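You will see subunit A twice below: alongside subunit B first, and alongside subunit C after that.
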Partner chain A sequence: MIAKKVLLVGSFGVGKTSLIRRFVLNEFSEDYISTIGVRVSAKIMKIQEEEVKLLIWDIAGTYGEEKIPKSYFLGASAAMFVFDVSREETYLDIKNQLDAVKSISGLKNIMLVGNKKDLISDEKLAEIMKIIPISIDLMTSAKEDENVEDAFIKLTLQSLK
Partner chain B sequence: MGKTATDFDKINRFELLKELLLAEDRNDLKLLSQEILEREKLKTKVSPIVDEKIEDLRENFPTYFGSTITETIKVQIKESQNEVVEALYPIMGKLVKKFIVAEITKLSENINQTINDKFSIKNIIKRRFKGKKSDAEGVFQEVFEPVIEEVFVIEENSGLLIGSYSKGNIADKDMVSGMLTAIKSFASDAFSKEGQHLENIRFETFQLSILNFKSIYIATATSGVVNNDFKEKLIDDLNSIAEIILRDRNYLKEEEKLNLLLKNTLTKENQKLNDCKKSIIGW
Partner chain C sequence: MISLKIQQTFIEIKTDFNGNIISIVDGYFLKNEFIESKSIFKICTFLENVLDFLPINESLNIDSLIINDDNQDFNIDVEILKTEFEIFILIQNRTTLYKYIGKLNQNRNDLFFLKREIDEKNLELEILRKIAEKANEEKSRFLAMMSHEIRNPLHVILSYIDLIEQENTSPIVKESLKYMSISGKNLQVIVDDILDLSRIEAGKLQLAKLPMNLGVLINQIQSIFDKTHKNPDVELQFYVAENIPKIVLTDDVRLYQILINLINNSIKFTEKGFVKIAVKLISVENNFTTIGFEISDSGRGMTEEQALTIFEEYQQNQLDDNRIHKGAGLGLTIVNRLVRAMNGSISVNSKLQEGTTFSIKIPFNIENQSDIFEKVALKIKNEKSLKGTKVLVADDNYLNLTIVSHILKQEEAEFVMVKDGIEALIEISKNTFDLILLDINMPNLSGDDLILQKSNYEKMNGKTPILAITANNSVENIATYLDLGFKDVIPKPFTKSQLIEILLKNL
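Then we have the complex of A and B:
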């Protein structure tokens, strides 16, 4: 079985941890995030008849925003940038934030996911998609368990590329 | 002499007066006795039901009230923490004391046994010839024998586990490797100066030693008293392992191959160490 390190980044409170909680059962205490700024969870995925062990690094915030060691971003095979569709401040500067993560991690492509879609209407969602200058890979709701698994499948596929 | 008409009249009047005066009391008495009778009847009917309910309560008390009582106790403890601590402190103290006494007794028996063995004429003569290790060191090493519990070979940047040797039962080694790497990165970022790395973490009887290389690091968890000889030997072994795997990069891709190398090297070295120890003791 191959193992891949993947990152979950995004501003504070966008629901990264909730997405993981919905997706992974086997995890360390959430206290680690507030202590050292990261928490590692593991999940085995079966993709195209191949088993992949996903080591998900849930990083508190994005580099530059908070004091996060640069090394947390190193050696990752894929990353998912999460923003909160109900909070403008989490996606207004998204391009710069994504560029920062790309430059530290060395990753060329970063998956973009808008979480908490259950909090806004479809019209508002369409509006947000127009405002954000980068194409959004998926809109999720950790609360309603919508598209969570799909997001991680996509992340796994990206880590295998 | 027979009663006269006047006498009868008196008696009748007296009876009449009695009727008039006691009528209310008699009525009350009647009601009271009725009530008592009804109670008796009710008692006979209700008693078995009450008994049954009491028995049910006795048997199922924890089910009915367990959670309420636990919650009440929790609230009570929370609200009167100081009182609880004060009440428990002497009991805890006694328990801790008892435990320490038991452990010290065990330890002293162990030390006595080792000292007796070490200072037997046979061993004294043997030490005269072999020398090197001090008596205290020898006794300590035997009482608290160092044991390699876990060895993780981890990729430096990603924190991915490349290979491992384990005596224990760690639930998810990959996750542990990831978190260990995160802690290492955090420590480096928070405290270190350029080029310095986290090398040791101690937790109670365990010691976690980290040997850093460029692209990998090897974390070793040991228990017992780690003396200099053991430490040097272990570092030599780990350096040899690192040399092998960094020269032949296939080890980094094939976990099983690396696990086998770790097992063979570490158990062989352990075996050698044990054999050596046995031969010294049994000389």
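Then we have the complex of A and C:
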């Protein structure tokens, strides 16, 4: 079995921990508890007849222009940048934020996921997709368990490339 | 020697490149979890897939990691050094420190979300406020329009009553006319109040700032009530303090309206005793003075509850108040708004069956008094007459034309009546007049379009004052008419004396 290290990054409160809890434990809580530091969770995935141990690093959400320490990315195979579709400030400068993560991590491709889709209408979602200048991989809802598994499968596939 | 307490805060482990523990170098932190020959990844998951990528002989720090032992989380900082043969991992327990950082971080984020929620609510409130404002504006516009439509026929009715009253009629007719006049004037008060209120609400009330003699104003008010106040059981008392500044800058019409309204209100609700009007100086500072006006009575008074709502719209305290007394219950609302528009304050103090006192404080600007006297002197009335004055009156409303013609006839003026703009244009292009009165809303050619065709009438009436005669008498409308070239505006409804005064002023 191969092990792959992946990271979830993005502004505070966008739902990174909720996505991981939904994916690993199938749990969700409405309470917001900010993450301090890094918690690593593991889940075995079966992808293309191969078992992959996914080591998921849940990085504390960044505030403003705060940078993620470079050491966190050592040995990382993929990363998911999460934003909150209901909070404009988490995606308005997304291209620059993604470029900064790419530069620190050395990863060429970073998966882009918009979480909390349950909080806005489909029309608003379509509007956001037009506003964001880069391609969004998936829109998810940790609360409603929408596209969460798909997002991690996609992340695992990216880690295998 | 390192103390036991310090040794319990860290542990240093030596592993091979696969993460198998070779030995514990030092420290006791979670010592039982680190067993020789076992994998370090069981407790330190974060090291999996990391050890292979460590640079040789280069120390690496990874701060703020979380490990879990026996369902308890520990915050740790880690320092790793990979040599050519083994890996040294120093783990420091920082749980206490990170607990405080965590609380601060949580508070900061919670505050952010709270602020965000408040901002969103404020935005929603702003939207709701705009909707409410728009609805209110629509209401005011509707009321203003309705009032305007009512004013025109009302003006005609009152003017005709005025004209008939001057004729020799039987006592029964005279009595009937009196009641018609009272009812008509009552309706006029209501319409004017509604118009005033809608103007105030729409923010279209513009206050003048002209020199006014407060003593003279109070004397005028006193003489009006001397003539109209008929109840011998209620004594009217007027007091003006001697130390008030003679001249203040204010909107005399609106100040008059405030005082008349309050005095009338007190008279209405006082069957016996007195109504007292007192004017006193509160303060003088630089170019400002604050004057207090107190209108007190020995009337029926109010409960505390009634006094609290007395300035609300359509508020009358007893079921039959609006039947017995004039108005729709807007008078005190207007007074309150006018006082506030003058940057003043109003309060009411009342006791049931004892009486009520309304206290107003208004700040007034007082310029150099000698300058003001000069300005006032310029306002001295011109004693002219309309006798022999040639006047053209254009109005499509036959009744309005008749009223003006009656007044002009009484004043021995020479006049020509026309019923639309085209007829007026033909007339003024052929004959010279001393005054031209144009209605605004006329068929074929409106008054405001006619005045712009100056080339057609310049030869005969290039210098003749042209006055607009209209019920569109808001500040904006008047400004527009003056810009178009009208010398003055005669607002409908007007009384005979008002019309004559404006005509004489423009001769």
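Keep in mind that, in the parts below, the second predicted complex is superposed on the first by the 143 of 161 C-alpha atoms of A that agree within 3 Å, B and C clash if a C-alpha of one lies under 4 Å from a C-alpha of the other, contacts with A are read in each partner's own complex, and residues count from 1 in each chain.
Keep this in mind: a contact is a pair of C-beta atoms (placed from the backbone, for glycine too) under 8 Å apart; a residue touches a chain by one contact, two chains touch by 3 or more.
Computed from a predicted structure; not experimentally measured.
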{"item": "Partner chain(s) touched by A:S121 [first = subunit B, second = subunit C, both, neither]", "value": "neither"}
{"item": "Which of subunit B and subunit C A:G75 touches, first, second, both or neither", "value": "both"}
{"item": "Which of subunit B and subunit C A:S135 touches, first, second, both or neither", "value": "neither"}
{"item": "Partner chain in contact with A:F12 - subunit B first, subunit C second, else both or neither", "value": "second"}
{"item": "Which superposed partner A:Q48 touches (first subunit B, second subunit C, both, neither)", "value": "neither"}
{"item": "Which of subunit B and subunit C A:A60 touches, first, second, both or neither", "value": "second"}
{"item": "Touching both subunit C and subunit B, counted on subunit A across the two superposed complexes", "value": "3-5, 32, 36-42, 53, 55, 57, 69, 71-72, 74-75, 77"}
{"item": "Residues of subunit A defined as touching subunit C within the complex", "value": "3-5, 12-13, 32-34, 36-42, 53, 55, 57, 60-61, 63, 69, 71-72, 74-75, 77, 87"}
{"item": "Subunit B residues within the subunit A interface of the complex", "value": "155-161, 171-172, 174-175, 178-179, 182-183, 185-186, 188-190"}
{"item": "Touch list for subunit C against partner subunit A, complex", "value": "45-46, 48-50, 52-54, 60-66, 75, 98, 101-102, 105-106, 108-110, 112-113, 116"}
{"item": "Footprint of subunit B on subunit A - complex, ascending", "value": "3-5, 26-28, 32, 36-42, 53, 55, 57, 69-72, 74-77"}
